[in-house]
Amino acid sequence: MKKVIYLDNAATTRVRPEVVEAMLPYFTEHYGNPSSVYDFSTPCKKAMAHTREVIAGSLGASENEIYFTNGGTEADNWALKAAAEAYASKGKHIITTQIEHHAVLHTGQYLEKLGYEVTYLPVDENGVVSVDALKKAVRPDTILISVMFANNEIGTIEPIREIGEVAKEHGILFHTDAVQAYCHEPINVDELHIDMLSASAHKFNGPKGVGFLYIRKGLKLRSFIHGGAQERKRRAGTENVPGIVGLGKAVELSLASMEENKKKETELRDHLIHRVMTEIPYVRLNGHPSQRLSNNANFSFQFIEGESLLIMLDMAGICGSSGSACTSGSLDPSHVLLAIGLPHEIAHGSLRLTLGEETTMEDIDYTVDQLKRIVERLRSMSPLYEDFVKSREKKENQ
Amino acid sequence: MYSDKVMDHFEHPRNVGEIENASGVGTVGNAKCGDIMRIYLDIDDATHMIRDCKFKTFGCGAAVATSSMATEMVKGKTIEEAMQVTNKAVMEALDGLPPVKVHCSLLAEEAIHAALWDYAEKHDIKIQGLEKPKSDISEHDEDEEY
Amino acid sequence: MKKVIYLDNAATTRVRPEVVEAMLPYFTEHYGNPSSVYDFSTPCKKAMAHTREVIAGSLGASENEIYFTNGGTEADNWALKAAAEAYASKGKHIITTQIEHHAVLHTGQYLEKLGYEVTYLPVDENGVVSVDALKKAVRPDTILISVMFANNEIGTIEPIREIGEVAKEHGILFHTDAVQAYCHEPINVDELHIDMLSASAHKFNGPKGVGFLYIRKGLKLRSFIHGGAQERKRRAGTENVPGIVGLGKAVELSLASMEENKKKETELRDHLIHRVMTEIPYVRLNGHPSQRLSNNANFSFQFIEGESLLIMLDMAGICGSSGSACTSGSLDPSHVLLAIGLPHEIAHGSLRLTLGEETTMEDIDYTVDQLKRIVERLRSMSPLYEDFVKSREKKENQ
């Protein structure tokens, strides 16, 4: 088998072997239903309580503010729909941004159909939401602000603290989609005035199919999924105990190595960015130059198309992505890249490389070498490049 | 779910049974969950000392354990002292109960009160602080803790 | 460690070791995001396609009618809410039963708050829904009939074929919550005129946190969870690939042994029922005597309370349940037992024992022996039994 260099850690990550190890007993040994009375299910209840404690600790929250979900998408849907429902009598205006993940954007659009009004804040060329624009958008009937902690495509980290302060000042609920940031960046919900926060285990070497929504105590949010009395009557359905155990273990391991890992990733990422920017012509770095996730690099290569690039990288054993993996069902250029002002044809030629804990300097160097070759090759096939070269020659000759 | 003390009293309930010709008998039911508890008291008419106390309970683990503990706590006490055995005191003696089970401990308190009331009626005396027992016990629904 | 006799297979089941085995590579080896372009995620896509094929085959459906969810509760919520939304212009009347799982009942109540009208059909003393009552309940504005395939507490199997025929005749959508029946009873969606069907893997020795909703082709049902383009744009969120692989394996294994397993379980169950009914006085069998799930036995023991019974069984190493595990957060007697006409105090003294593929005759005999001892002990503590004995003695002495 050929070696694979996996640089798509924003799409999903490898589950750490220790996490799988921790989950295993809960499939065949401690398989009880946590809602049961008998002692046989005690290990399940304890394990769930432990994960809740670990997560609460990681956010400066308390255990009964953590609600397990089946992932980030469900958490986002729940936060937006339940907040809209709960506070409809106060108002029907919601503020979010143009660069949210589809889990928030499409939920916003759904709420618009139900009669809510949604403001999608623009961002600057680095993908940063303007706090001033937010302040101007606030209205007396605004009930919810939802701004992602860090963007999944371009890695920009948003000014969450300032946004939280605006929300607090106006008594508006503040939700943040922290799916890309949780366990990658330190987060304290009180310091940042966060009322709700979504996270997903598979983005930090935990299992797929489990995540959580933090809901600040006192919020009158109802269920999104109705049924049994699980999760203090707020999230029905038999709990995914092995998944929840894996989530807890992944949080513990990630937190323990977060600082070190960030340092290592930043170094590798900066090396990657430096080499690409200096060795490949006609390329743009997308996202904020410094205020970005330590594992994210996003480039636009002029004159070439992203999918072709991905396929050729794949042939070289490199996994990258063009826009968000979740949306690759669609052919439109990424809404995030359009929001930062890229013209369509440049947005199409973008590549996201996201590092993980296993990425090495050799991987990065190999990737850049291949990238140079592939970009050159694709450009040699591109009519856009041909036009460009010809018009440049013309200018030079004049 | 339950503390070791609760489990001990459930597994080895003290004072289960009946007292023939008891001085006072009280039976109460819990409207919320349909459970029933009966307390028998044997009281010394001269000293008002509770010489013996027995119970029967149709109820959950918490109901059985609180009955058992409550009978232990009132035995050997005077009527006046027994009036101080509240559901809170019983719960504390059991190292606590899960929140959804707090109401079960009310059964024990009310059953003792009902038995004392029966005694007071039979002897035509008045017991300080004792009110006519309700036939149904229920507390306000604890709201979901958000 | 003391031996545990697990007789709560309706609450959840042990994951089969072969299922765990099948899942393992998808945590640490084939961990790609199935939405990705690169070859690295091909095994994930293939594995998901395989599960879809297996499930489609098991129901006589086609692959693009199977939508993965995170369990039975989500499938039920989706089916009811999306059908209500999609067909609101035709009418706002829904028919279901009084004995549904809370995943359906509470969703029905939620829809009532949104302005829908829901008829909850009664059942007879065996828990069977009357098809005549259903026919009378149908109105021109009825858009959905939701009746469970088999009840989770008392095991009664409902007359699904007749109900499907009524639905078809009137052009009404028919959803069935088959969480307890799928992989335990043969089901063909065409023969039974089923339009939507919910199932959950952990009820047939698959993992928790994964299930599916079958949606007949052509139904205009929308998303319930909004976001990325997964599941043909109908169910957003990164797919729980290991879970889906486990689901597929569990279906394959269960189907292969279904007939044999049913035969074995029926024999054990009948032995259990026979011994309990003949050796313990003042007991009632709940559910239909023959038309019931092969693994389900449900008894009401007069004069005793269910939780005490469960705890004492637990001390003897036996796991059973009283009412549905999911609802044990509640103190009310089971709505199912009230619906079949049991008075409160008798409903309180009920015990559900549900067998699994590992249950043996020795387990059953040991359980009955313990049960006799425990019932006797609890009755000796019961004021109700005391009253009963005294009044009986009085009558005898007269």
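All chains are identified by letter, namely A, B and C, in their written order; residue positions are counted from 1 within each chain.
Basically, contacts are C-beta pairs under 8 Å (C-beta built on N, C-alpha and C of every residue); 3 or more make two chains touch, one makes a residue touch a chain.
Which chain is which protein? Per UniProt: A, C = Cysteine desulfurase IscS; B = Fe-S cluster assembly scaffold protein NifU.
The structure presented is a predicted model; accordingly, all values stated were derived computationally and were not measured.
Chain nearest the geometric middle of the protein is C, using mean C-alpha positions.
Farthest chain from chain B (centres taken as the mean of C-alpha atoms): A.
A straight line joining the Cα centres of chain A (Cysteine desulfurase IscS) and chain B is 56 Å long.
Mean C-alpha position of chain B lies 39 Å from that of chain C (Cysteine desulfurase IscS). Chain A (Cysteine desulfurase IscS) and chain C (Cysteine desulfurase IscS) have CA centres that are 35 Å apart. Multi-chain contact residues of chain A (Cysteine desulfurase IscS), defined as those touching 2 or more other chains: 37, 233.
Residue positions of chain B touching 2 or more other chains: none.
By the touch criterion given at the top, residues 303-305, 307-308, 311, 315, 329, 331-333, 344-345, 348, 380-386 of chain C (Cysteine desulfurase IscS) touch chain B in their complex.
Those residues of chain C (Cysteine desulfurase IscS) that touch chain A (Cysteine desulfurase IscS) in the complex are listed here as 4, 6, 8, 11-17, 19-20, 24, 27-28, 31-33, 35-40, 70-74, 76-77, 101-104, 106-107, 109-110, 200, 202, 207-210, 223, 225-230, 233, 236-243, 307, 310-311, 313-314, 319-322, 324-330. Partner chain C (Cysteine desulfurase IscS) is touched in their complex by these residues of chain B: 7, 10-11, 13, 16, 18, 27, 32-38, 56-61, 63-64, 100.
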